[in-house]
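Two complexes come next, and they have one chain in common, chain A, joined by chain B in the first and chain C in the second.
Here is the complex of A and B:
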C-alpha cells in the first residue's frame, strides 16, 4: 500500500479535473432544483397577527392579559433583565448572565402597554380612569388589578364586569378603553411608535402579544410550533423549517430540561459547549479516532482502494 | 527591491503563497473520485442561489413577497435554496468527518468549515426572523428568551425586526462569505486530504 505524508503535496497519480466546469454545472443543476422545488411546493406565509386581531378573535383573553399587565402577573411583568428588575432571570448555578447583563431595554408593562397608550387616546372615560390609577398608591393599584384579574379569570369569557362592591377601582374602565383602542388598531400604532415615529422595532407590541397564551400561544400550538412540539425547528403548515436546529430543539423535549425554569440558559450553554467540541473535534482524543475505527472511508474511497495505483 | 512595506508583506503573505494551478487546478490526485466530493461544491452552488434570490428579494423590501406572486415565488426559491444548502453542507461535514479530513495540518480548514456552519445557522435564523409573518413573530418571541437568558438579548434583540433585517442582508452574509472564501482558499492551498489507508502518519490503518 502506497504511503504518503498528508501534510506534503501529493506526488502520486493524478486525474483530469475542471474546477470551473464543476462549479458552473453545480450552479445550473442546483439552481434548477431550487426553482423546481419552489414551483412545486411554494413556501408558507401565515399572516402576521396584531393586537387588533388578538382583541377581535379573543377579547376575553385580551382583557385578562391586559389586566395582568396592571397586576404585574404576566410573563413580561415578571420577566427581569433586559426589560425590568421584577425577577433575577434564568441562571445556571452561579452563572447569572441574564441578571448580570442588567436592564438595557427598560419596559414597565403596566405603563408601556396600558397607561401610556390610554393617555394618548381620545377616550375621556379611560383617561379619567388612568388619572385615578396614577393618583393611587402602588398597594391600592395592586388590589384593584388583582381583584379584577381574578374576577375576569373566574368569569371565563367575559370582557368586562360590573363592580358592585367598588373593588376594581378604575381598572374596568381602563381595560374597556384599551380593548376599544386595540379593536380600532390604534393600540398597535401606539406601542410601535412610542419610541420612534418611523419604527422597525416591534419589541413592545410583541412582548404584549407574547403574554397571551390563550391567543398567540394557542395559534403557535395549532401550528405545532410550541417548544415541546419541536417548535424550534418547525415551520407553519407542512413545510420544512430550521431542521438543522434539531439538536437544539431536542433538549426541550426531555427532562430535566423541559421542566426547568432555567431551560434556556442550560440548553444555550450545552449547545455552546457542543459547538466548541465540534470546532475542535480533531483535537479530542477518542472522537478523532472514530473515523479510523469505523472505516466508512473505505466506502468513500472504494474506487481508489481498488485501483492498482493505491497499492504501489 | 526587497520590501518591508505593509504592501510587500501582504503580497508575500497572500498572493505569493499560491500558484495559479493550485487555485484553479486542471487535475487532482487520483483518489479525488467519490460522490462525497460533490457536496462541497453543491453547498457553494446552493449559496450562490441563496445570494441571487436574496438579492432579488432586497429590491422590493421585506414585505413585497406577501403581495406579489413573483415575490412569493422568489421567496420560495430562497427557502428551498436554504434547505438544499444545509442538506449539502451537513453531508459535506459528515463526509469530512469520516475522511478525518483534518489530517496533514488541515485543522484550520476544519475549524473554518465549522465556523461557516455556525455563521450559516445565524444567517438563516435572521432570515426566518424577517419573514414578517406569523412564523417570524413566534420565532422572535421564543428566541428572545434564549438570547436574554445568555445576557445578550439587548444587543441582539430578536423582536427588533429592523436589526434582524440589517444583520441578515449585510453583516452576516459578509461574515459568511468571508469565512467560506477562507475555507475554500485553505482547501486549495493544502490540497485534498489523501485516503486514510495511504496515510503514513496513521499506525495500523493499512490492512
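Here is the complex of A and C:
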C-alpha cells in the first residue's frame, strides 16, 4: 500500500470549488423536492388512539386489562425499571442496562390507572368501591382482582359480571366506573394531567393502552407495525417508513433474538459493535482492502485515473 | 382531510420472502436510492474532462 506523508504539500492538480454555490443549489433542490412531494403525497395523519376509542371499540378488552392492572398481571405491572421493581428487566451477562437505570418514572398501574382516576371522578358508587379496595389487605385485593380477571377472561365479550358469591369484592364497581369514565373521555384527561396541568406527558395512557393486546396490539398488527413485522421500518397507510432502520429491525425477525426476553439489550449491543466496526473500518484487516478489490472510487473519479497526471 | 394529489391513506401492499417483508413504499424508496446512486456513478461531473487540460495549465505557470 502506498504511504502518504501528511506533512507533504499536495503536488497534484488543484481547481476552484464554489462550496456556497453548491449549498445554495442543494437547499433549493431539496426544498422544491420536499414541497413538491408533500403536495403530491401529503403525510400520514392517523387518528389518535385514545382510552375513549379503546373502550368504545372493545369494551370487554378494556374491562379485562383494567382488572389485570388491579391484579398486577399486565405487562406494565411486571415490567420493572423505569416504572417499578416488579422485575429485574433485560440483561446480557453482567450488562443489566434496565436495572442500572433504576426506577425513574414510578408507576403503580393499579393506583395510577384505576384507583387515582376514580377518586377524582364524580361517581359515588365507584368512589365507595375504591374506599373498600383501599381498606382491604393486599392479599384480599389480589384475590378479588384475580378472581374477576379470570371470570371476565372466561366470559369473553362481557364487560361486567354478577357476583353471587361475593368473590369479586369492589372490583366490578371499580371497573364499571372506570369504563364509564373512559367512555366519556375523562380518563384520557385524568391520566394526562395527573402529574402536571399541561397535557404533554403521554406515559400513563400509552402504558395502559400498550397492555391491551386485544385492541392496541391488533391495531399495530393490522398496520404492519408489530416488532415481528419489521414494524419499526413501516409507516401507517401506504407511505414509506424508516427503511434506514432495516438492520435494527432485521435482528428481531430471526432466532435466537426474536424469542429472547433480552432481545432489546442484545440487539443494542450488536448494533453498538457494528457501529464501532464502521467507525474503525480503515483499521480492520480484510475489510479495509475492499476498495482495492471493488474500486468504486475509480469509477467516480475515472477521468482523473485516466489522465496522465494520475500516473505520475 | 386528505388534500394530496395522490392518496396514500390506504393499507399498504407488502412483499414477503422468508423472514423478509417490505412495504411497497419502502421498496420504491430503496429502488429510487439505488437508481440515484448508479446515476451518480455514471453521469459525469460538469467540466470533469478538464483534468488533463488543467494540469497542463498548472504546468505552464
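Miscellaneous remarks
Here, the second predicted complex is superposed on the first by the 297 of 312 C-alpha atoms of A that agree within 3 Å, B and C clash if a C-alpha of one lies under 4 Å from a C-alpha of the other, contacts with A are read in each partner's own complex, and residues count from 1 in each chain.
We take it that a contact is a pair of C-beta atoms (placed from the backbone, for glycine too) under 8 Å apart; a residue touches a chain by one contact, two chains touch by 3 or more.
Worth saying up front: this structure is predicted, and the values here are computed from it rather than measured.
Which of chain B and chain C touches more residues of chain A is settled by the count: it is B.
Judged by the touch definition given at the top, the superposed model places A:296 against both chain B and chain C.
Of the two partner chains placed by the overlay, chain B and chain C both lie in contact with A:14. Once the two complexes are laid over each other on the shared chain, residue contacts for A:106 go to neither chain B nor chain C.
Shared-chain residue A:6: touches chain B; no touch with chain C.
By the document's definition of touching, both partners, chain B and chain C, reach A:309.
Of the two partner chains, neither chain B nor chain C is touched by A:78.
Judged by the touch definition given at the top, the superposed model places A:45 against both chain B and chain C. Contacts of A:219 after superposition: chain B is touched, whereas chain C is not reached. By the touch criterion defined above, A:256 reaches neither chain B nor chain C. Taken together, the two structures place residues 13-15, 39, 41-42, 44-45, 223, 235, 239-241, 243, 296, 300, 303-304, 307, 309-310 of chain A in contact with chain B in one case and with chain C in the other. By the touch criterion stated above, chain B contacts chain A in their complex at residues 24-34, 36, 38, 41-42, 44-46, 48-49, 53, 65-66, 72-73, 75-81, 83-84, 86, 90, 95, 97-100, 102-107, 110-111, 114-115, 118, 121, 124-125, 128, 131-138, 140-142, 145-146, 148-155, 157, 159-163, 165, 191-202, 205-206. Of all the residues in chain C, the ones that touch chain A in their complex are 2-14, 19-26, 28-30, 40-42, 44-45, 48-52, 54-55, 58. Partner chain B is touched in their complex by these residues of chain A: 1-10, 12-20, 22-23, 26-27, 29-31, 33-35, 37-39, 41-49, 79, 81-82, 89-90, 97-98, 100-101, 104-105, 199-203, 206-207, 209-210, 216, 219-220, 223, 225, 227, 231-232, 235-236, 239-245, 262, 264-265, 267-269, 275, 278-283, 288, 290-292, 294-298, 300-305, 307, 309-310.
Of all the residues in chain A, the ones that touch chain C in their complex are 13-15, 39-42, 44-45, 222-224, 229-230, 233-235, 237-241, 243, 253-254, 296, 299-300, 303-304, 307-310.
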